[in-house]
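Below, subunit A partners subunit B and then partners subunit C, in two separate complexes.
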Partner chain A sequence: MTTVDLGTIRRLVSVTVDDVEHRAPEGATIMDVLDDAGADTPRLCQAPNLTPVNACRVCVVEVEGSRPLVPSCARKVEDGMVVRTDTERVAHSRKMVLELLASANDLSEAGDDVARWQIEYGADPERYGPPGPPAAAGERGNRHAGHHGIPDGETRATVAQPVTVDNDLYVRDYARCILCYKCVEACGTDAQNTFAIAVAGRGFDATISTEFAVPLPDSACVYCGNCIGVCPTGALKSVAEHERREAGTWDPEGETVTTTVCSFCGVGCSLELHVQDNTIVNVTSPSDHSVTHGHLCIKGRFGFQHVQNVASPGEH
Partner chain B sequence: MDLVLLPDAATEAERAAVDAAVGSPGHERRDLLLPAFHAVMDAVGWISRGALSYVCDRLHVPPAEAYGVATFYALFSVTPRAPRTAHVCDDVGCAAFGGEDLCAALEERLGPPGSGEEVTWTRSPCLGLCERAPAVFLQRASPSAEDEGNPEATRALASSPHDDAPGGDHAQIAPATADTVLRALDGEDVDGPDPVVSTPQAGGPDLELLSRVGVVDPGDLDSYRAAGGYAGLRRALAVGSARVVDEITVASLTGRGGAAFPTGTKWAAVAGSPEPEKYLVCNADESEPGTFKDRVLMEADPFALVEAMTVAGIAVGARTGYLYVRGEYPAAERAILRAVAEARRHGYLGDDVMGSGRAFDLEVRRGAGAYICGEETALMNSLEGRRGEPRAKPPFPTVAGLFGKPTVINNVETLVNVLRIVAEGGPAFASIGSGRSTGTKLFCLSGVVARPGVYEVPMGTTLRELLELAGGVPPDLRAILLGGAAGSFVTPDQLDVPLTLEGTREIGATLGSGVVLCFDSTTDFAAVLRRIAGFFRDESCGQCVPCRVGTVRQEEALARIVRGREIGGRTIELQLLRDVDRVMTDASICGLGQTAASAVRSALALGLIGGS
Partner chain C sequence: MFGAGGGTSAYSEVEDTDLVLLWGSNARETHPIYFHHVLTGLRRGAGMYVVDPRRTATARWARGHLALDVGTDIALAHGMGRAILDAGLENRAFIERATTGFDEYVRAVEPWTLEKTAEVTGVDADLIRETALAYARADRAQLCWTLGITEHHNAVDNVRALIDLALLTGHVGRWGSGLVPLRGQNNVQGGGDMGAIPNRLPGGYDVTDDGHRARFDAAWGSAIPPEKGLHLSQMFEAMERREIRAVYVVGENPAESEADVAHARALLGGLDHLVVQDIFRTATAEFADVVLPSCADWCEYEGTVTSSERRVQRVRKAIEPPGLARPDTEILCDLARRLGHDWGTPSPEEVWDELRSLSLDWHAGMSYARLEAEGGLQWPCPSLDHPGTPTMHTRLWERDPALRGTPAPFAPVVHAGPLDELSPEFPLRLTTVRRLDSYNSGVQTGGYTSPLRREEALCVDAADARALGVHDGERVRVVSRRGAVEAPVRVDAAARPGLAFITPHFSEQVDVNLITNEAWDPQSGTSEFKATAIRIEKLAVGARVPVAGA
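Up next, the complex of A and B:
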């Protein structure tokens, strides 16, 4: 038996997972219980510093009494809940979510966990046929809800499209975007309260977009980079990282991380400076940091670029 | 939050339209976003940057989010579009019944879909007029409102949630011909389809829900009262709310919107909630392909729905009810708005309903072209001015629904049943039908039937008996799509199934929204199934992966199978379809994804497609 500690004193409830009884505080999610028990539960749209949107469905489990599977990241435990993670149904859905995403998206920068889950669950995106041609710049954002070209099935539709580079600080590579809503949440009520980006369009044609897909410098964006900080797929990344990757000089193995405190103002945000080849390539903050919860402002996130190069946002 | 708005200015006409519809609340009123966008569409035919910025400024909504909302709905356009657009149904009930021919004729006369500056046409999913295929919905900006020099005219015409005339000059044509469509696009008045014609049983005996269709004048409160109208509300006020909720529970009234949930359970939960603020919502977004019963009820007997909502609202303790009517239903919207205004004028709505001291009033909101907004939580998001994305449940709407408050949401037909239950008592209602399937049920018959239309029969009537009412079992019947695109196919050897929740479940089918769409053996089922798969791909909100990507892969695999272009052979493609089916059914957030494979699955099982 394990016990999840969430820090505050709350009533404990009893949950059975794969025949093992666990006690967890009221308000914990099923995923909290699974994590505490050491299970490797896949997740894409969940983040400890964001409100659950339970959109990706890769974390699903069986809960007794529920016909559909249940997202473990969002569902709170209840006393007497009976959860199963070890069934063929669970494995099938997790595999299919990973497979369907890989069939439509470029997941090559989605990290080691995603790569491992792809193999572990046996995702086979190639069985849907060869990928169709990428969309022209801006084309995906111009599709009209409720209308699409009728496919012949010879190729599989993807979200492939050119990278959007419209400012000096970060790029948006939406061919990688899995619509996990994290950037929208970080830009909105979960951190930044700027609301520069939102989901636009519908269904497979939905995109993350500014109003009328205007370039970021014309939008409300203040370049806090909090969207980059939460993006799980490399769809959003600093220009510094993007250029290195393009040039083939991106070197994560050779990267060192230095922890410091931001000196721009008195708040005291903790910064992690990611350095490659004697150059700062990214600045992050730990998501469990009590001040930042992983979120920064333009000065902390991109101040290094003001030091290292001269351009300011919007000049390009 | 300070809004950062694009520099583009709205035109005089755009501003006038928005002002007339939503005014200048001075604080965030995101819930008025759809009315504001409708007003702009109705005035000028598309939503420009300037118009969107102006709406955001008035309602205090960030422009990226407002854009996300505008682009979610098929009836809104954020790129210039002809102010008069014909939406031509090419869905399963119309395509083979003149719909595709009409598309071809319009393409010849007007060019490809979307082209044309003054008038244009586009394809559309089911328009809820399937009994009179082929169907067309005309989205026409009000002619005088286009005149930018005359903002006063715009003001007068623009839509407002409280006006009794809807905005725009929208209309329905069914059956439609290229000529009638072209004339209507030129601005000619059109007579909408008569709902009485679509009710073959109208005026006959043994009708409850349809008893007033063709009998009362839908525009005249006195006529409604003369037919017994408002006796139900009077009785409900006399016996009290607790008793009304009890009667509904005893009646065992199940929801008629498709999910068949016990209505009494929902009502009791909301009535018993300590929250002071509660809402009633009527789901009139009827968009399940093949369904048109709620349209007929609203067009032909709108006071019944208004009365039923008043009974329901007061019973559960709501002071405000919202009626969310499908955007493609201008005649129904007009009828309901008129009935609401009349009822208000005569004290049947307002601060003191029928002198009882109880307050209840209604707001009518227009949908904007999104099947998913029929899903109850998506509908609530849409009412709140958000993208129509379903919410996670729990919490259920009875706990946290519209604006986060306890909410009862019911289908039109469900609500109209309430009047009879209040009048006759729960036990009488429960004595009709059996098990959980009580009362009478409306069915929407279309396709190859002799007399298509809405039919009312007691629960438990067999499919064969129902077809007899509509002129007999169609000769050469090959399959029936039962329950809609989210339902499944049944075959002529299954006609003796009793039409109950239990009876249909026993044969692996569902009553759904009451769709009975008949196909004969000349049907190109491959085309039918590809249309259904395309429908779900178009209508997926895009929120969750199983449905967003799964509906795309289902449509592609189906295309390969019917074209004989399987990857790795038939068995492997069928396995792929089954795998996609399972993840959509098991792991999607809402009922759309969970049923998106249902029709395809049953068609394959019955050999309607995929035979070689």
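Up next, the complex of A and C:
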């Protein structure tokens, strides 16, 4: 007897997108169909190695028979489904999401795709006025519901606040955090199952927080950095990257990425070494690799420093 | 196992299994990404039992935690085997068709009643029975182990006792049912596969097999000695007998990692000639006559490594090596040239293709192009059109005896407790463990700053600390039959009365291998790192007791 895992046998269903018929396997998402068709569907909270959480709503589409707009990242296709992406309602909704996020958050490290979508959908965060003053360190994490005055309308509210640096491995720059939940999912049931962080607070005061907003070294965090690996906006990043950016020596154009295998235990995790100026600055893992699904442990993500501590050979 | 030195299952099989039995493995900390696959399996409804003397981070996820006394693994396995037989849950069809030696196995486990097993192992009899029956009843079950099984004086017997359980229940050779040794180092599997063990040629061929040796001799123009070579522990014994006078160490740090390390250091220091080839000037290099600086091949050169699921994957050059460091293969070829053999200057791919031309069963189909395109391949992969082999030994389930091949043998192994016995003089059991953020002797992981890291300490149970009158953080003297070290005490909930533990990661803080037992397994050469008999002595106030090696 030879057993071969074929997975679930799935039939193909017929889906119409903007008047064009597509065939897709049952269980695929609308986003899968759009991606296969080559559409440029914006996304922030979606990742191929995480369960969809429908947080950002920037990938919405119209589905015939559905009153509200539908998040394409999560909605599974059904036979005979009629999807529209080219409507005013879809474009307007996507624009508002991108515009409001950009009005409150620093999206300058959110990547080329986000910058392109901002232009494509005509997002104009400046129309809400100049940014209001940043919060003091730790202040946003301790706000309580209901403690709000009426805004004066002169400035736009932001989540601007100083960067939290409370350990040697990674920083939390919550001025960039769009509450996409990816870090929470990666820390939780989607990968690491450590549950060091969750969303605390409600509404505009919601933040990603450790329990009782304690510093990371006092939390359950095990520094796998899988939250960094999925963060789409640069809110979570390595200390190495943070320091280079602060010093003005961050050089993404000169960066090479080389795939290799972790040098520690015998699991054989696939690593992508991000190298600038002959120095490893970040380590990631491909989300489509069968061993890691894009997730690593502290040794894989941060344990490379021994190959570049050239000044002190033999020390440890 | 069954003639092939590798685990039987792909990692993803644990996601589709019904029962996970982790034995002597703290995978949550030591193989964290494999444990992600385990957690997926648990979320899909699998049950898990963990066999470990300590209450580890892994054990907290288990349905049942069998906290056995160190070194009683064979007793526990045999007790489970007998419980399965008593319940009539052995897989008769599989045993009759695909195994040999069943009757001897039945006799070997016959004395291990639940009562006796509980007495010897310290595990509750009901829990032993529950675990055994859960394993036997599961449609599919994965049995995984790590150093908790292999760092004993009877490592191979321990492994064979676990294999017996799989044969008894038919949990091998099917998707989701298998035996998974989680390898401690990133290429320990590949090193063995390439013949860097005393009894094998590259590709796993037995070095005593004249036919296979002749193929290698013909390809290499050599005459490979037909006897098995020495393993590491035998080499140190040969050094002691002054039969080995020159040693060439590549990427190993025995001056820190050997058990009873003071003895090992004396032998290394007494050699006529010692060459060390490493990416660091290690403690071993301090004894060397010649140090050859090499590249960190995983990021400074090209090649392959092989993981615990027999997956061969490419490593690639990402940064330039420092100073005079050179790739290991270039150093070896240069050395050969100086010794009068021109091996040329082969590229890593040429070296690999030579291996493929000789490792006909396992590696012949794994071209660099395929490894690149397919994200690695699992051996056996005998031809370019072969997809690789996620699950091994499926042949054992074939109806046709010809296809089924050689049956898998039961091993009627005998329980033998740790050689370093507890006594009134040495009443506590010390075991060595690994932590999530550190690795072995710490040469690599010492290079980065981990927020999880605390001062190295002897971790003990609160009751033992109270009985000894020592408080958390107090420095004590830890004495074994080999020597003594000083260490601070930390009360840790993972310990239990009579069991202390410590890591080997920080020898500059606590040189723990001064006290571990170098008694080694005659079959694998692995030392008894997991079982040291110790006592804890309070330090006299204000006094500094001289410590061996300090």
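FYI, the second predicted complex is superposed on the first by the 293 of 316 C-alpha atoms of A that agree within 3 Å, B and C clash if a C-alpha of one lies under 4 Å from a C-alpha of the other, contacts with A are read in each partner's own complex, and residues count from 1 in each chain.
As a convention for this text, contacts are C-beta pairs under 8 Å (C-beta built on N, C-alpha and C of every residue); 3 or more make two chains touch, one makes a residue touch a chain.
Remember, predicted model here, so these are calculated numbers, not experimental data.
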*Contacts of A:Val267 with subunit B and subunit C, given as first, second, both or neither*: second
*Please indicate which partner A:Arg156 is in contact with in the superposed arrangement: first for subunit B, second for subunit C, both, or neither.*
first
*Between subunit B (first) and subunit C (second), which, if any, makes contact with A:Ile228: first, second, both or neither?*
neither
*asked:* Output check: A:Ala110 vs subunit B and subunit C. Expected answer is one of first, second, both, neither. What do you get?
replied: neither
*Examine A:Cys73 and indicate which partner it touches, taking first as subunit B and second as subunit C; both and neither are also allowed.*
neither
*Once the structures are superposed on A, label A:His144 by its partner contacts, choosing first (subunit B), second (subunit C), both or neither.*
first
*Would you sort A:Gln192 into first (subunit B), second (subunit C), both or neither based on which partner it touches?*
second
*Would you check which partner chain A:Phe304 touches, where first means subunit B only, second means subunit C only, and both and neither mean what they say?*
second
*asked:* Quick check on the superposed pair: does A:His295 touch subunit B, subunit C, both, or neither? Answer first, second, both or neither.
replied: second
_Overlap of subunit C and subunit B interfaces on subunit A (superposed complexes)_ = 193
*Contact residues on subunit C for subunit A in the complex?*
11-12, 16, 30-34, 36, 39, 43, 174-175, 182-189, 279-282, 285, 296, 298-300, 305-309, 311, 313-320, 322-323, 375-376, 391, 394, 397-399, 436-439, 442-452, 508
*Touching subunit A in the complex: which residues of subunit B?*
1, 3-4, 6, 49, 52, 62-68, 71-74, 77-79, 114, 122-125, 369-370, 387, 392, 530, 534, 537-546, 548-553, 555-560, 563, 565, 567-568, 572, 576, 579-580, 582-583, 585-589, 594
*Could you pull out which subunit A residues touch subunit C in their complex?*
1-5, 167-169, 189, 191-193, 216-217, 221-224, 256, 258-270, 273, 275, 278-280, 289-293, 295-300, 302-310, 313-316
*Along subunit A, where are the residues that touch subunit B in the complex?*
52-58, 60, 68-69, 71, 74, 89, 92-93, 96-97, 100-101, 103-104, 127-129, 142, 144-148, 150-154, 156-157, 178-179, 193-206, 209-212, 214, 218-220
